[in-house]
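Two complexes, one shared chain (subunit A), two partners (subunit B, subunit C).
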Partner chain A sequence: MTSPVWKIHRNGLFWLLVAFAAVIVLHADHLPSWILLAASVATIWRIQLYRSAWRPPSRLIKTGLLGLCLAGLVVEYGSPVGLEPMVALLVSAYLLKLLEMHHRRDAYLVVFLAFFITALDALFDQSIGNTLYIIGCLSLVLAALLGLHSTDADGGGQLRPLGKAMAIMAQALPLMLLLFIFMPRLGALWSVPMQQQSAKTGVTDTMSPGDFSRLGRSGELAFRVSFEGAIPAQQNLYWRGLVLAEFDGRTWSRSPLSRFQDSGLVQWYGDPPKSWDQLIERKGEPLAFSVVIEPTQQRWLYALDTPKPDSEGVGLTRDYRLISAYPLRSKKQYRVNSWPEHRLEPQGLPPQHRTVYLQLPEEFNPRTRELASRWRKMVSDDLELVSRVLTLYNSEFVYTLQPPILGKHSVDEFLFDSQRGFCEHFAGSFVFFMRAAGIPARVVAGYQGGERHPDDYLVVRQYDAHAWAEIWLEDRGWIRVDPTAVVAPQRIEQDLQSVLGSETDFLADSPVSLVRFRHIGWLNQLRLQIESLNYNWALWVLGYDQIQTAFLRNLLGDNSLWRIALALTGVGGSLLLLLGFWLLLPRRRERSRDLLDREFLRLCQKLEKAGFPRQVGEGPRDYAQRVAESRPELARELVEVTRMYEAMRYAGETPDARTLARTIRSLRINRSG
Partner chain B sequence: MISPFRQFFQHLYARWLGHRLPPARQIKLNTRSLFIFPSKAGFSFLLLVVLCWLVATNYENNLVFGITCLLTAIFVVAILHSFANLSGLNISCSRVSPGHAGHPLTIELVLQQSGKRLRENLILAFAGHELVAIDIAATEETRVKLGFVPVNRGLIDPGRLCVESLYPLGLFRVWTQVDLNIRCLVYPSPQTVLNRRTTSSPLDGDEGLIVQILEGGEDFTGLSDYRPGDSPKRIAWKQFAREQGLYTKHYGSAQDERLWLDWDAFPGLDTEARLSRLCGLLLSIVPLDVPYGLKLPGLTIAPNTTDSHRLQVLRELALFGLSDRGGER
Partner chain C sequence: MRQVVDKLITSIGRVLIGKDEQIRLAITCLFAGGHLLIEDMPGMGKTTLAQGLAAVLGLSYNRVQFTSDLLPADILGISVYDRTRGQFEFHPGPVFSQLLLADEINRTTPKTQSALLEAMAEGQVTVEGETRPLPHPFFVIATQNPLTQSGTYPLPESQLDRFLMRIELGYPDPRSERALLSGVNPRSRLAEIKTLLPAKQLLQIQQHVADVKVAENLVDYLQRLVQFTRDDPVFYYGLSPRGALAVLQCARAWALIHGRQYVIPEDIQAVFPSVAGHRLRGAGECANHDGDVLANLVLSAVDIF
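And now, the complex of A and B:
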């Protein structure tokens, strides 16, 4: 029963184009500029098509446009794999389809593409602001879908589709929340192309001079931590992320041992303990905390020493770090128990590990090697050697974000010439020195410190990135040594800003970051409030899949599937029932009519008392006529009242029950006879 | 070609529908009379939801998951909105204007609602006939005229009225097929008898011809030379047998202006053809404002010129020989 010739009407096209513009703007920041241009051309063409001013594109032109778009995408991205090319391809299809709407099903395709493309934007930006914009976009696309089905309306009716779309959105919201809370999440079914522009700031798995000083320029969020107890002292907050054991003369990178993610070397949460678990001596009470980490596209996670995972999909590695089962494509939350008091492998280091942690390239840094072996001969005690090196740092060295550029023998140049550096210089040179002196050592990369939020959680930013060292001593096991703490103790006890706040490079990449204006009271207050809102957003919405199990267990007592299904259908069913009642019951807006009827009934009673009961099926006018015949003195008033009643009740005159009531009351009817 | 299978199911459906929605003068659209099912677009929308879910799951993105939930919720809420667009509406037929077979006639329907709900884009049609899309504004009563082209004369049942709505989102089709017990009085398709085969008629032009065909006065007025086309019934066989030549008998008189629509004027034709020609003649006569009568086998209506007379004649033409006379007036 659909009409054979379909042409989109004015109002429908209007909303379709508004939605189109909104969706394109939503994606504008990661679309090539020529697509934006093509989108405007498509819009103009579409409008001209509607006005029959231009002709629809011929098959040749359509093929040409398609080819042009594909060629553009190939030039722009090279490979079709990846999130951006995929979105760009969809957007191209979207704007070409806009020109080719011959049937209603084409219009459906356009609208459904718009829905899908809008949803994809959530992969790029998950901030609260963007989410609101996405919801706005969805409303507009819904209005476009509605516009396809409402009749064309002029003037005031033009906004009707949007109003109705908003109403449907609002009514769908409770149901959506219900589904969001209760629907079980499955893990990734297959691996998917990731964002290409992921060269975001963050700790990487290699460390060359200059890497960490670059992070010091960024105020971007790294992760947030909430502790079950009190937040430990600032100088104990070493967020261990990566162990870098291999040195090629310039760059520290992960050892093969650490890169090798064999199941034997990862202790996943919930698995039976591996043999090397007994090498860890955990003492005292653990610190329990949970971390919400920003997407890094990497697998490593951050935790305090020495951690044990308390969340599904998180594992402990052989070098006592945490890793995630999948790369972090979106924010992730995980819980950890850490034992600040611990000993790691105090009994002895396996020979192959010893080799790894003593490895040094031969041809680099002869001066350092020479000094190390000289000191080794003078001092037999390892700890004393360590304190000697640290004293060396303490004497002359300067901690700065702007270290001079180093040549081939970077450690030599740093230790003996420039003596100015950032954490990676100190950690790298220290580990080099230790290894040269025969002490197993490794660089650890991660974050140090964090900002305490008044709401009792910790915010760790990119400029908190830090590198330090770990050395292995007989009977003590692995212990942490942070040479930076010796040179710039404030860096560890407070934060980077307190040491380098005056340096121009600090936060140079985040010029408008509110962190810059910490010293302005009310602005700082605002910043902290926004921060708190974002944290809760990340915790409860973006990271909901991580806490769903625990949340549902709390809510339902147990999170078996049938209970979830019961809650979902029960609550959802009652919500729908309520909505159904509200939608389907007739609106009682004709109250004024009821009032008129009541007044007329009063008149009938009055007349009945006077001895003129209304007969069954007698109309108001006939009734009045009959009474008037026996009581001519009332005729004029009676006719007037019935005329008034009929006019208001049936003829569409503005109902005015009060006037009618007054007139009826003024009727003086005496008992006849 | 309709496959027998399909035919069988259509038959089953019609029987079931007749049972569920028996004919009634007024039908209220409610859960009993309305049907709802996802449209093709609705199923495509579900595909979209699945796609979004796959993205959300594979990227482990809770925001996309939330959007998936929102789309699902919209789909569910759309069920209620689609249903509400038709539910609570009273449909009855207010007037059927009679017409001729093969020509469109209009059926006026009244749609009533007790509240003031705005209903958009309702599509009404009798199966296989013209579609009408209407909005029902906040008024309580809306009248809509539907076209219907009957094939045969008689008291015709236009079939079930289809009322359908895709509003608001097109994801669900809500429809009903109600039998409002409508009977349209359909007159025979008028066939014009006038062609210029006779030029030398006593009266000139059409009028002469009509009179010639219809003059059916009781009195024999004389003979004239036979002209090809004269009714064989009027041939003066007696004279012919006497070999006096071929003559045509003439009845009636020039003074007697009464004309007769006579069944017997069209010998050799079948019933429908005769009725069509009589109907066509009637339509040609009415503007002449002369009294006319109707002679059908077993029925004679005396000549008259009034409007009610005309309607009665048309009615007899429409119902001649049919068993269903819709309760004789």
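And now, the complex of A and C:
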């Protein structure tokens, strides 16, 4: 008699494969394409195995496949450090194990891997849609686990495990909510290096012609802002993000000054004021607002001028912008106070700053330099020079998303020949002109404007990206000058679409973006609804840790860890205790029966050591009799024990495991006499 | 109870030497209120056992020898025109008895075999549109030859299922055979058997069977046994719920005739081959295996815990 070979029930296999596909799709956006191919091969192979059409991979083939996967990973990622290579490694292990399921425990391993890999995806994407998908995936994996245990006798067909899995998920919901609300976010014990997402759109720390026009093609979300008071007028919404001061003839990049991030040039929230803080003159009432920013993998944050951070982990830099203490790997919420009325360094620039903000490469744009020095001599006042340049822009220039490509002397060509450009052309050429005329100037990059959501917050998208200029004037300090506002005032007062709506390039990279269809009433309504849902998700679910800190502080007096731990253990422990009582009380009898079996099995072990193993399916009485035939001296005791066991177990006498245990213990059996 | 059963066994044992275990199973089947199928080669004492049982139980007894030309009416009865009274009168067939011995049941055609079906299942027969109740208790003890013998019609599965138990007698052991050969023909002693258990007492015992206690974990054990026959590829089909009920009922009766008011695993194991054997069919490699072999296979593969 061989024991029946374990066979995966078709329900189990079906759901295992469905869950497998779902998990692979979940990670598809950051897995190399060959893994997707390998996953399909593994699925087909597994199905053919079930149909007994193909043979399971031999040891040699398995080793080969493993080698191939590892080689693929090395070629793809090079270094194993980082989240993406690790996930890819796990996924390849997962799909190889799928081919290697021989026993139930192998199937368990596959199921647990699936659980883990599913949860990992939350590190990549925590949006509401993805979270729902993850929950769906978990249900499928759970269904697979249940399917592994189904038999033909269960009935209810293929869908039964899924229904059951959904029920289990629903039952887990209260506990999940409880943990979500009360469990303190303790912070990671280790950090996982994320792969830089190079393809991510967004403002970068350099600006060359064409960069911002690319952003105009994307409708992706950048950040959302909710104001404590009314939302300021559209033309005042300059979201300052980066200051670009160094020019190499083509590209504007950050000055060495602003690259020092952790030196004395950053005023972190909560730190004592740095010496340069007094250079800022803040006047009037501040605007208070809070921003939820999408992950950018960068450290810079956006705020209105002139900002002061009001959240942990946010700092103000020497060039008056905000940065985060860590790169933004997930959504982040921060609060800011901004003083629209301000003066920055009106008393004078430090000499080394003046050098930085007047720097120009020698060998570029001679025509512009020549014009600048000519005009410099013609006017007496800096402001007059500025208005002259702006008038020049106003006269001939065209604002477009499709500027012509520029050659070596990009500023010259733009100012004198093409005269067509996007914000980066205007801002870049303006700053160049100012510096050539001896006025300290810099490019500021960020976003301008944003869409007002009916629920009273502001949505800023990638196509709101903008660049403008700042110049420094004696007694006035740094002031903002936006040449784009002169050329295309609608861009600043309304939005990009009002200027370029007819241009085909607008939103070209987001062909299905709902923003594109905002002139269709109900679709626009739907878009705003989805937008609102996403915002609230970010604010209340992803940003819950900030709410929770305050809430726990109110509830428990302070939020030191040990108090929270104590409260949680107290509440959780007593709940578990109650649950335990409720579960155990009516089943005590049942439990003591199990104790009887345990004692009887102890007797079996004892007899087995003496050389009489119990056969499968052998009843206690037959067993005792068989042993007694070989060992007559034990017969009386064995009959007695068996009678006692039978009486308690089958005849319904009060179970008394202790007496049984005593009797069994008193049994002295010598090795085969 | 034990003494009663022992007396029954000794009594029948005088005509069927050396088959105490089979006699005990047969009595179990009757106590459990089911019909009995005895299967073996000709001349093994099938009919003797049936006659002996009828004798000790003191039941009204009819015997039908099944042949290939037997018709349903020969069993159930027929209406005959009575000229003196000018009307049809029903002449009940041999089925109207408390114990019907259907000898060599598989020698007759399926049509006649199925005539017994309603009688066995419902305890009533319908003849010429009129339903007539059968006496109470009503037992059928059928004997049959192994199917490999020529001139047999295998019983359909539906009818096999009506039999609570199927037992085989087997060759006697040498000592019993010696006693048989050297003594008087035991069949001649049949007439000497006295009624030991009147029908009324039998009905009481049947009621007691229902009161025998079955512990929860024994039901689990039984379920595992049944499930095994449904899951394992060795079986062409598994045991039906009626089959499982039959095992339980017989285990209760078995416990009772051993003087216990509760069932132990050994009771289930003792009756399982006889109750499940004719309800199982092997598949694949085991297609030709006998039902008893398959049933024992189940017992040795499923543990009692």
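Here, the second predicted complex is superposed on the first by the 461 of 673 C-alpha atoms of A that agree within 3 Å, B and C clash if a C-alpha of one lies under 4 Å from a C-alpha of the other, contacts with A are read in each partner's own complex, and residues count from 1 in each chain.
Criterion: a residue touches a chain if its C-beta (ideal position, glycine included) is under 8 Å from a C-beta of that chain, and two chains touch if they have at least 3 such contacts.
Only a predicted model underlies this, so the values are computations on that prediction, with no experimental measurement involved.
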Inset, instruction - Between subunit B and subunit C, point out the one touching more subunit A residues. - result: B
Inset, instruction - Check whether A:543 is in contact with subunit B, with subunit C, with both or with neither, and answer first, second, both or neither. - result: first
Inset, instruction - Have a look at where A:173 lands relative to subunit B and subunit C in the superposition and call it first, second, both or neither. - result: first
Legend entry - First, second, both or neither for A:60, with subunit B first and subunit C second: neither
Legend entry - Touching partner for A:597 - first (subunit B), second (subunit C), both, neither: second
Inset, instruction - Could you tell me if A:621 is touching subunit B, subunit C, both of them or neither one (first, second, both, neither)? - result: second
Inset, instruction - Answer with first, second, both or neither: which of subunit B and subunit C does A:580 touch in the superposed model? - result: first
Inset, instruction - Please indicate which partner A:230 is in contact with in the superposed arrangement: first for subunit B, second for subunit C, both, or neither. - result: neither
Inset, instruction - Tell me which partner A:126 touches in the superposition: subunit B (first), subunit C (second), both or neither. - result: first
Legend entry - Residues of subunit A at both interfaces, subunit B in one complex, subunit C in the other: 1, 3, 151
Legend entry - Complex contact set, residues of subunit A against subunit C: 1, 3-4, 151-153, 593, 597, 601, 615-622, 646, 649-652
Inset, instruction - Spell out the residues on subunit C that touch subunit A in their complex, using ranges where they run on. - result: 213, 215-218, 227, 230-233, 260-266, 269, 297, 299-305
Legend entry - Residue numbers on subunit A that touch subunit B, as the complex places them: 1, 3, 104-105, 108-109, 112, 115-116, 118-120, 122-123, 126, 131, 134, 138, 142, 145-146, 148-151, 164, 168-169, 171-177, 179-180, 183, 185-192, 326, 329-330, 332, 541-545, 576, 579-580, 583-584, 586-590
Inset, instruction - In the complex, go through subunit B and note every residue touching subunit A. - result: 40-41, 44-45, 48, 51-52, 54-55, 57-74, 76-78, 80-81, 83-84, 87-88, 113-117, 120-121, 123, 125, 131, 133, 135, 140, 162, 164, 166-170, 175
